[in-house]
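Dropping the structure in here first, questions after.
Per-chain residue numbering starts at 1, and chain names A, B, C and D are given in the order in which the chains are listed.
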Amino acid sequence: MSEIRTFPDFLKRLIIVLGGLLILAIIIFGVLIYTVPAISNFNGILLESLSNPIVMLNYLDSLGVGINSLFFKIVVFPGYTWAAIIAAEIIWFERKFLAKMQVRVGPLYAGMIGGILQPIADVSKLIFKELISPSRSDKLIFFTIPLLVNAIGATLLAVLPVSEGWLIMRSEVSMLIVFAVIGFAPITVLLAGWASYSKFPFIGGLRGLHQMIAFEIPMLIAALSVVLLSGSLDLVNIVQAQSNVWFIVLMPIGAIVFFITLLAELERIPFDLPEAESEIVMGYLTEYSSMAFGGIQLGTYIRFYALSGIFTTLFLGGWHGPQFLPAGFEIINQIEWFTIKTLLVMVTIIILRGVNPRFRIDQLLRFSWSRLLILAFLNLFIAIFILQMGWFPFGGGI
Amino acid sequence: MNGSTSNVFVGKLSEILEYSVKDPLRYIVNWGRIYSLWPVHLETACCSVEWGATSGPRFDIERWGMLGAFGAMRQCDVLIILGTVNRKMAPRVKTIYDQMPEPRYVIAFGACAISGGLYYDSYNVLPGVDTILPVDVYMSGCPPRPEEFIQGLIMLQNKIRASKIRSKKYVRDT
Amino acid sequence: MSELTVSIGPQHPGAGHFRLIVKLDGDKIIEVNPDPGYVHRGEEKIAEYRNYIQNIPHFERPGIHDSSNMLFAYVQAVEGLMKLEVPERGKYIRVIMAELNRIISHLYYLAIYGIFVGHSTMFMWPMGDREHFIDLAQMISGQRVGFAFLLPGGVRNDMPEGVKTRANDACNYFEKRLIEYERIFMNNPIFENRTKGIGKLSKEDAINLGVVGPTLRASGVKADIRKDEPYAVYDKLDFDIPVSKDCDSWARAWIHIEEMRQSMSIIKQSLKDMPSGPVKLNLRGQVRAPPGEVFSRAEASRGTVSFYLVSNGDMNPYRIRLITPSFRNLIAIPHILKGLLLADIPPVFWSLDYWPVEADR
Amino acid sequence: MSGTPEIKQEHPKREKKIADNIAVKLKKDILDIEIKPKRIKVKIKHQSIKKAANYLKTVLNLDHVVSVSGIDYPNDNEIEIVYHAGTYEHKDLSDLLVALVYRIPREKPKTLTLTDVWPSTEYDERETYEMLGVIFDGHPKLEKLFLPEDWDDIPPLRKDFKNPGR
């Protein structure tokens, strides 16, 4: 038995093993067909689905795991797996794109095409690393935080309207859900810093708390004007209200305010104070190792995707866009437009990272309370003005 | 089934498992480690100038997935000893090494880190960092050129490629 | 009551091989205690065991990316004792190497400044452009850093063919690039917010504390050994000393950018004016200084570097005192950081261009 | 050529004039004055160091210290302390350095600090303290600077300290 050293070796071994497994499965399956009667029903569907895949989908639906089922939506497509894949690849894209801005190559050798497997390598390394829990930390809270951060990102995904008919959950107050969940993010940062029992994480946690609370209020007010114009708290209704004109055209100030507060909520440069590397090492992440660190990073990037999606929904007209695909594929067309817009928002945020240094906490707070808040109110008045003049058909929340 | 045949069966099973699961898994894990070596941001002396150039655009160490420098050692894999370690720095270097999670690798960068270099007879310089840490790769030069760092990195990658998933547990000093 | 003591360094992305013990009240700094010595290698003691030639690599190691400037003061001290007069071409080559080193060192400064304010592109661009000047220096001396190029009595070898055109190309390219640097990095509103008016060191304090180099010139004192006490051929060259009256971190960064412009002008002039002839004296046998003492100064990229050399006529120096600019600027760190915020430490600390290796020796 | 004697003699008169001034003012305290171009070396008695420093600072405008060096002379059983003072404000004297030199006994290396005259000497004196064991009375913070915290050998720059392997 030889050791695996090169990629062709690995591929050969994989083919042998998978082939063995396939033969094993066929044998077991064949035996089962003639012994257990319930399987033979499935066997018929399996054979039929070779010629007509719809049958298979319908069968899976009837079991509750099909493509239209809630399970599939939550776990696979608009839900977690999709977001995790986007998060992983946006990490790769971020590194590669920043490298290009900095006249470098960036990740190259991990994976065939331009180091596209770089995030996979990082994650697989982190999984098999030693998990250190600092001796004086509060272990329960310390290890709950990675899950909580992921949960926050995942909950936001639930109300994200990727298309008109295809979404996990439609609620009349989905906007409120979004802000309730976002409001929980500063607590995770503070708890992570506090549970680490270390100085730099604690400073990072406090910074995160200050920053996120200071930026949440302008964010809420900017979003309030959107609610006023569309007359609904439902994100789907908000997107429908933008079928003719996007809100970024009506309220550019509001869009800018929301975008800036978005950066602060996501702790992106120039607002990455809670993890400012040259000042407080890694902020609240300093003591996290292995997949606890990876989990927080993954959760943060999922939140990055989800909040970019919220920005798309509120100001960029959500799924609206010209129809490319033939009739009958409206849903796919809508998903496509939503994804393209969201990715564009994410790229804009990444570009900002390449050209800006970091703010200081007092400047940041002053900026938020004295500039952004006023701008947000100004935007609110503009929205009311538009509404009162009757220039916008929807609305009437007052 | 008597004892001896069952033993043969279990032995075969473990062989099959090793062949089909452990070996490919080891390859994948080592592949991840190879392309994701994050170094601790620790500068001990003047070789850090060349380390800066190595992470700069011309030599761009990120091509191998290595980040420029990483703040906290809890997430890091490589400890690069950038030059002279003196008697004041040595306990700190040891502490930093102890705080890193397994698996971890040490690179001795430059003549001073290998043997004390120009300062072999100084009253305040360690005669090589391998007196306090287990070193994986030595890079000679004063300071080593960035090309040499890249060569050393590839040597380290080859070393990792042949290593086991779970290395021998290092007993920490309290 | 709510006092917090954090130690920044020796392992910290914002400090390097150096420790600051910072007492904080909330986010405000009450007191800063610098704790150097993590790179102390006993250069002055080792020098007593080495002869004058063996000491050359030792005295460039403290400021390794500034090696020619460090050696400038040393070889002048030895030449002062031995009463040697360097050939004219050798002097010009020395000046070219010194100015190349100044640019290399200043670019390193800018790059690390970028990291310290959280601007990764500001790290990469100067690091990339630095390679052009390293290439030039490598063409002349054969080494990337730590050239050991200056010897008592001249320089090690003459310049190869083609340096002139290549140096002019690099300078022309980099002059354009500097304008971009100013536009993108220096005039970035967030960068200005972080550095303008932060970390003030008034003129009186700067003089009292005896700081040197760009830190001193950013506080409005026009002092540069190249003008005050001209050595080599600096009195024949035409250049300015940039001085700023702002006294803050931004001004210090700006001084570095202006000095790079002046250095490029010096390199171009020296390449034009350079006479032909030998580059070093033929010193047969050992370099041995007669008894006596000498105090020699040169302007390195971070400030004045001085050597106090006492010889008793032996093979080895009796005592060498090496005063590096970073050691002189060390005293300014606690003074300047007091009353600022925790987040100000990295940019303000680095704006002094404090290089721990050089200070610890 | 900085500090090069007898090759260029730019202002021999200027240094002579300053040295004469010093000699007149501090007649009783001075042991010897050496003049080189751009450098004046004033050897003074140990006790009058503060007076001399005050004079140099206030009258000659030497506002900062460039270096403080200690030299061990085991044969004379003495340690020599050298202060090199210069000026930034006085533009005409910017290339002049005045060295203030005095010797103290090797067994009892105790002297007065000059940090109250020149604040810039603080770290230099600390270094001289740890490298040569000279105690500066009245220094605000006379602690170890470069050496490790647990250093218990004799100060390394003394001539009887031998580097390991030498």
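Observations, loosely collected:
The rule is simple: contacts are C-beta pairs under 8 Å (C-beta built on N, C-alpha and C of every residue); 3 or more make two chains touch, one makes a residue touch a chain.
The shown structure was predicted, so the numbers you read here are calculated from the model rather than taken from an experiment.
Fewest steps needed to get from subunit A to subunit D, stepping only to touching chains, is 2. Taking A-C and C-D together, the chain pair joined by more C-beta contacts is C-D. Most remote from subunit A, judged by the distance between CA-atom centroids, is D. Centre-to-centre spacing of subunit B and subunit D amounts to 48 Å, using the average Cα coordinate of each chain. Computed centre separation for the pair subunit C/subunit D is 24 angstrom, with centres defined by C-alpha atoms.
Centroids built from CA atoms put subunit B at 34 Å from subunit A. Multi-chain contact residues, meaning those touching two or more other chains, occur in subunit D at positions 146-148, 156, 161, 163, 166.
Multi-chain contact residues of subunit B, defined as those touching 2 or more other chains: 57, 71, 86, 88, 121-124.
Among all residues of subunit C, those that touch two or more other chains are 12-13, 37, 40, 42, 45-46, 49, 120, 123-125, 128. The list of touching chain pairs reads A-B, A-C, B-C, B-D, C-D. For subunit B in complex with subunit A, the touching residues are 15, 18-20, 23-24, 26-29, 31-36, 57, 60, 62-65, 71-72, 74-75, 77, 99, 101-103, 161-162, 165. Across the interface of their complex, subunit B is touched by residues 10-13, 16-17, 37-42, 45-46, 49, 57-58, 61-62, 64-65, 108, 111-112, 120, 123-125, 127-128, 130-131, 134, 144-146, 357 of subunit C. Those residues of subunit A that touch subunit B in the shared complex are 1, 3-5, 9-10, 13-14, 16-17, 20, 95, 99, 102-110, 115, 117-118, 120-132, 277, 281-282, 285-290, 293. Only residues 4, 6, 12-14, 27, 114-125, 128, 184, 188, 190-191, 193-194, 341-346 of subunit C touch subunit A when the two sit together in their complex.
Against subunit C, in their complex, subunit D makes its touches with residues 1-7, 38-39, 63-67, 69, 71-72, 82, 84, 88-89, 94-95, 97, 99, 118-120, 122-123, 131, 144-148, 156-157, 161, 163, 166.
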